[in-house]
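Since the structure comes first, as structure tokens, the remarks are kept for the end.
Chain IDs A, B, C, D and E follow the sequence of writing; residue 1 opens each chain.
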Amino acid sequence: MIVRDRPNAFALLITLRGSIVLDILPHMLLVALFAAGLTAAHHYGWLDISSLTVLPITLLGLVLSILLSFRNNASYERWWEARKQWGQMVYEIRSLARASASLLGDGHPARRRILSLVLAHAHALRGQLRGEDVSDTLTTWLSKQELQHVQGLRNGAEGLLQQVGGELGVLYREGAPDSVGLQMLNHHVTALSGIQAACERIAHTPLPFAYTLLVHRTAYIYCYLLPFALVGAVGWATPVCVAVVAYTFFGLDCLAEHLETPFGRDANDLPLDSLCRIHEISVAEALGDIAPPPLQVVNHQLM
Amino acid sequence: MIVRDRPNAFALLITLRGSIVLDILPHMLLVALFAAGLTAAHHYGWLDISSLTVLPITLLGLVLSILLSFRNNASYERWWEARKQWGQMVYEIRSLARASASLLGDGHPARRRILSLVLAHAHALRGQLRGEDVSDTLTTWLSKQELQHVQGLRNGAEGLLQQVGGELGVLYREGAPDSVGLQMLNHHVTALSGIQAACERIAHTPLPFAYTLLVHRTAYIYCYLLPFALVGAVGWATPVCVAVVAYTFFGLDCLAEHLETPFGRDANDLPLDSLCRIHEISVAEALGDIAPPPLQVVNHQLM
Amino acid sequence: MIVRDRPNAFALLITLRGSIVLDILPHMLLVALFAAGLTAAHHYGWLDISSLTVLPITLLGLVLSILLSFRNNASYERWWEARKQWGQMVYEIRSLARASASLLGDGHPARRRILSLVLAHAHALRGQLRGEDVSDTLTTWLSKQELQHVQGLRNGAEGLLQQVGGELGVLYREGAPDSVGLQMLNHHVTALSGIQAACERIAHTPLPFAYTLLVHRTAYIYCYLLPFALVGAVGWATPVCVAVVAYTFFGLDCLAEHLETPFGRDANDLPLDSLCRIHEISVAEALGDIAPPPLQVVNHQLM
Amino acid sequence: MIVRDRPNAFALLITLRGSIVLDILPHMLLVALFAAGLTAAHHYGWLDISSLTVLPITLLGLVLSILLSFRNNASYERWWEARKQWGQMVYEIRSLARASASLLGDGHPARRRILSLVLAHAHALRGQLRGEDVSDTLTTWLSKQELQHVQGLRNGAEGLLQQVGGELGVLYREGAPDSVGLQMLNHHVTALSGIQAACERIAHTPLPFAYTLLVHRTAYIYCYLLPFALVGAVGWATPVCVAVVAYTFFGLDCLAEHLETPFGRDANDLPLDSLCRIHEISVAEALGDIAPPPLQVVNHQLM
Amino acid sequence: MIVRDRPNAFALLITLRGSIVLDILPHMLLVALFAAGLTAAHHYGWLDISSLTVLPITLLGLVLSILLSFRNNASYERWWEARKQWGQMVYEIRSLARASASLLGDGHPARRRILSLVLAHAHALRGQLRGEDVSDTLTTWLSKQELQHVQGLRNGAEGLLQQVGGELGVLYREGAPDSVGLQMLNHHVTALSGIQAACERIAHTPLPFAYTLLVHRTAYIYCYLLPFALVGAVGWATPVCVAVVAYTFFGLDCLAEHLETPFGRDANDLPLDSLCRIHEISVAEALGDIAPPPLQVVNHQLM
């Protein structure tokens, strides 16, 4: 995630960090090249395209604006929902720390144990969502044996929550907490399970592929029809105009595609490393340990 | 559901898998043919249509864009809500597994029993939503007698949840769990019942039929008026322009119609088979069994 | 509610069932007649309207599209929320049946009693929302004395839920269920009360009347200004064009008005009879009774 | 709130009740007068404005439509949320009546006491939101001493809920209800507190003032630029066209402003008096008292 | 936050308080200057730009309107969600005051202690969100030692909630409240934790930076292309027209940017000081203390 103060107007125009310009540059150049060729053909009379009007472009624009607007909203909502889920994780972990202190007392050994498992869950989930190996991090919170068990599961993160359930069960059968207390603590573990399921949903269910096809095709037809409509009116300025319009269309399309999958390490993805560190700080302060520092923004980006 | 990496730009233009092109091809051809005929009539002077302007087209476009935009949003929201419901089912089942371990202990025989019933419920619901016979699958989780009972009911899936309620009642009256524990376990069963009711709502309540009529008619009038407006300006390019515009309009309409009923086996429908397998994996790992592998994407599609 | 497979393209163009064409036909004819008169006046030189342009039409279109789009979304959301409330009723009743079996046992006489009251509530609410007398149906679920009591109340449906509360109170004071069990059962009754209040809100609070006025007036001015803008460009085709544009505008307006009040018996209203039957099936199967068949679609409509 | 059957088309065009025409009439007349002056200046050659085109108008229209659409949606959502909060109050009060009967028994004196306080809270909240003195009404539900105490508080409505909390505390410490029962009853009082906080939020937090400025200014510039663009095309029809366009723009703006603050006594405001009467009916029927009649629509308006 | 009665139409046009005019004035002047230069160049024939049309402007307008509309909605939703969270805090604190009275009795010393901690939490959160030092205010509610402890934490506000959890734990282990009562009280503390996490999410997660870039660049290109399209049609009126259009575009952009970060002290930011005072009033009246007066609007602004 890019985190920076709003730069001045000029810097905003030329900055590349976090921009999607580089991703769409080839497409822009290609369509500009095509427009340049067509303009030349028109200028030197190789081709008679004087009979074409702007009308078909306008009509395509109607559906294209519906599609781009829809896709942009849907992708952003996925991104924002993912962020909300990880934000909820922040307070579920804090509340688990607080409720367990109320019920069991600050110094109960099971409390540290449960909170370690919950932190390991956050890291494991981060690893599963990003397709990264987080074993090194997990060793901080799990014994070697536990780590092996988790690595043997198809869904390691869920396995860690089941272990939390096991720990709570042992405490409950020992008599404290009572069933209402178990209900309170279990409530937060269930919420963590819900957050995981929501993240898995976002990570594994893309927008229907037919949208990608329809947007892509309509935008392509639009941009390649555009020079025909422009050349008669703006002459040699056609390639520039086409490139600018293509920038906005492909740019919006590309941005929507980035936000659709918010769990990677791209410039506009969510800073899961940093959020996991926030969890670690919460737990450390709740347990009275020394909290690690928050992750720093490096080169305007938070990982 | 189509699951694939974003293909390159050229492949995006020609791929048919997951596209709705084939569905709307006849309509596109028909309207293009009509446009070709009209262009010929205009060209050879059989018909004088020089007096027509683009104005009525533009005015119709206003309402058409409202309708297409609305219908697309409403259909996508149905699709996405259906996906959310099945995603919630993932964590309700996992949480039931975890809470039952906490309350009853890992090895309590009723736990395996209840989780089997819940898996059978997921499969039975899948069968009811897709109108498929899932008896073969249900035999894995139910005894022959139970299967017969369920098949005799009007709503077999609901019947399985009532059976879970019965099992919980027996445990409760035997003294464990206590009423708070029953409340905890019952909470998840109630949620499964809510998921079923939501899916039934989406499956059995289409968008008001009057929308289908209004969209369909407006789009038809629009596309068949279009050649009149275009022929004077673009001449023989009219049929191609009309076909392209018709592609985007009928395409968006057709896509919305597909997403409106998300429980089938079409390319853009939800992968219920795969989701049921995820439930099976969750339950197997929670019970310490060997988990089956996730379903594989075949030909870019997850069933 | 209209329930039918999507008819073929031709049938979609001519079907009247579920269409709002008949409702708006008089308005369409009137405006077309006006346009025809104006065209004649223009054609025979009785009136000089050559100085008018399409500009005012376009400017009005801006606000009109905002209004129509808003009104359509707001009305559909009301319709869909109403459907969701009745869909929630499905699972609240099923869950009440299941939870009461867990807590009280399958055969407890109070269970049948409570579920009968809940079914009577569904029917009574249906009657109140539709302004129909449902006494005949209620006699199935209530004793004569109870029916008289309910009929004497200003809000009979709510009175039935209060009776459920009374039954639960008797059970609670007899010792089973305990307070947690009462909380579980009462939760579903509270949800039914919430559903009723939401339905009453939708039924009794129309969209602010000023919207109806503003949409109506803008659409009228728009349609009656339209011939002035069209007649110079399309000549004798003016009445047809005006009728088509009026069809889409008045059609969208009329559809929004229908969906605004979703509880009637019109083609696009919700099938409350059928939903009540689904409740009856749920309860019958939960009690082990023989379930009645679902209501059939008659003439493509579910009541 | 205006409550009436949809009048016929002609009545819709001329009705003033509930319309915002009178509010915006001065603005409409002023801009029409300006347009008339400009048209005269153009007609008699006092001013040469032939060089102006419609383009700036169209460009302003882009932002203006975004702003008007946004403001309209945001205001309506505030209005509808306010209505939902008062609709939730309906069922929270009914549910409190029902749950207290289950837990304490129909005839427990504290029940009537608590429900009276809750009714007083509804009236007091109504008074606070509308800035009206409701002491006369409160004397029906409160003793003179209680009334004085409430009037001495900065937030009397909240004070009444605190009193309910006190009553519940006394009952709890007397042994019935137990803590679970207290949780059930307290749940509804908490919900009432949430409703109050939501209403206070809507009443005291207007849309950001910068929106009002931006909408107002853009609409003014738009309407006063309009005659320059129209005069060349429509001549002496300019004032009428400008007045009609101004009607729709100022009308939508004025309507949004009305809905933004839904708690007053204007034609489009919420009928809080009537809703309080519904609460009174609910409580009376729950207590077995004779319920007062619902408030009547007077002159098409419900207060 | 600006709080004032709607001023009259003229005052609305010239007021600067709460307006974003001053922020965007440099940009407006720059683009107007550029337009003036271009107009001069065109007028005196230094530059031939007669071949340019309005078409590229219109095409860019399509994407620009999608982007501005999206960004405005997303920013407003963040602002409104932040307001809702602080509104929820109002009733969570009131409900904690009420529930603690019910459970522990009005005069229990722990009650005052817990409510003081909760007020300190509200102030500390305000300080963290605004990046201000609120130690002076905290000394009212915390002992010196507590204040030092809180200041030593990375997340002082969360630390105060953990202290509330500790206090509740002591009470619970002393026997009153029982576990259900603890659940009731803890519920509100958990909600406060959720509010804090939501506010931190809004404060620390800006809209994806790529949007800022795309909106900014498209709006700049648009405004600097505009004079080319206008100069042929409106001549020397070009700079004024460009300035007006730039005002609406940059104004909407700037407003969205302000609302994106709602916790500052700007004219359109949320009045956190005032909301904290409302909490203080609630607690004071619940404890029977003399409540401080609400904060006053100063110069039309509430802090």
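Simple rule for what comes next: contacts are C-beta pairs under 8 Å (C-beta built on N, C-alpha and C of every residue); 3 or more make two chains touch, one makes a residue touch a chain.
Remember, it's a predicted structure, so these values are computed and weren't measured experimentally.
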Under the touch definition above, the chains in contact with both chain A and chain E are none
Chain C-chain D separation of Cα centroids, rounded to whole Å: 24
CA centre of chain B versus CA centre of chain E: separation in Å? 38
Going by the contact rule already set, what residues in chain D reach two or more other chains? 64-65, 69, 180, 183
Circling from chain B by way of chain C, one passes the chains B, C, D, E, A
Sort out for me which residues of chain D touch chain E in the complex. 27, 51-53, 55-56, 59-60, 62-67, 69-70, 74, 153-155, 158-159, 161-162, 164-166, 168-169, 172-173, 179-180, 182-183, 186, 189-190, 193-194, 196-198, 200-201, 204-206, 208-214, 216-218, 220-221, 257
Chain A residues touching chain E in their complex are 1-4, 6, 9, 12-13, 15, 18-20, 54, 57, 61, 64-65, 68-69, 72-73, 76, 79-80, 83-84, 87-88, 90-91, 94-95, 97-99, 101-103, 105-106, 177-178, 180-181, 183-184, 226, 229-230, 233-235, 237, 241, 244-245, 247-249, 251-252, 255, 258-259, 267-268, 281-282, 285-286, 291, 293-294
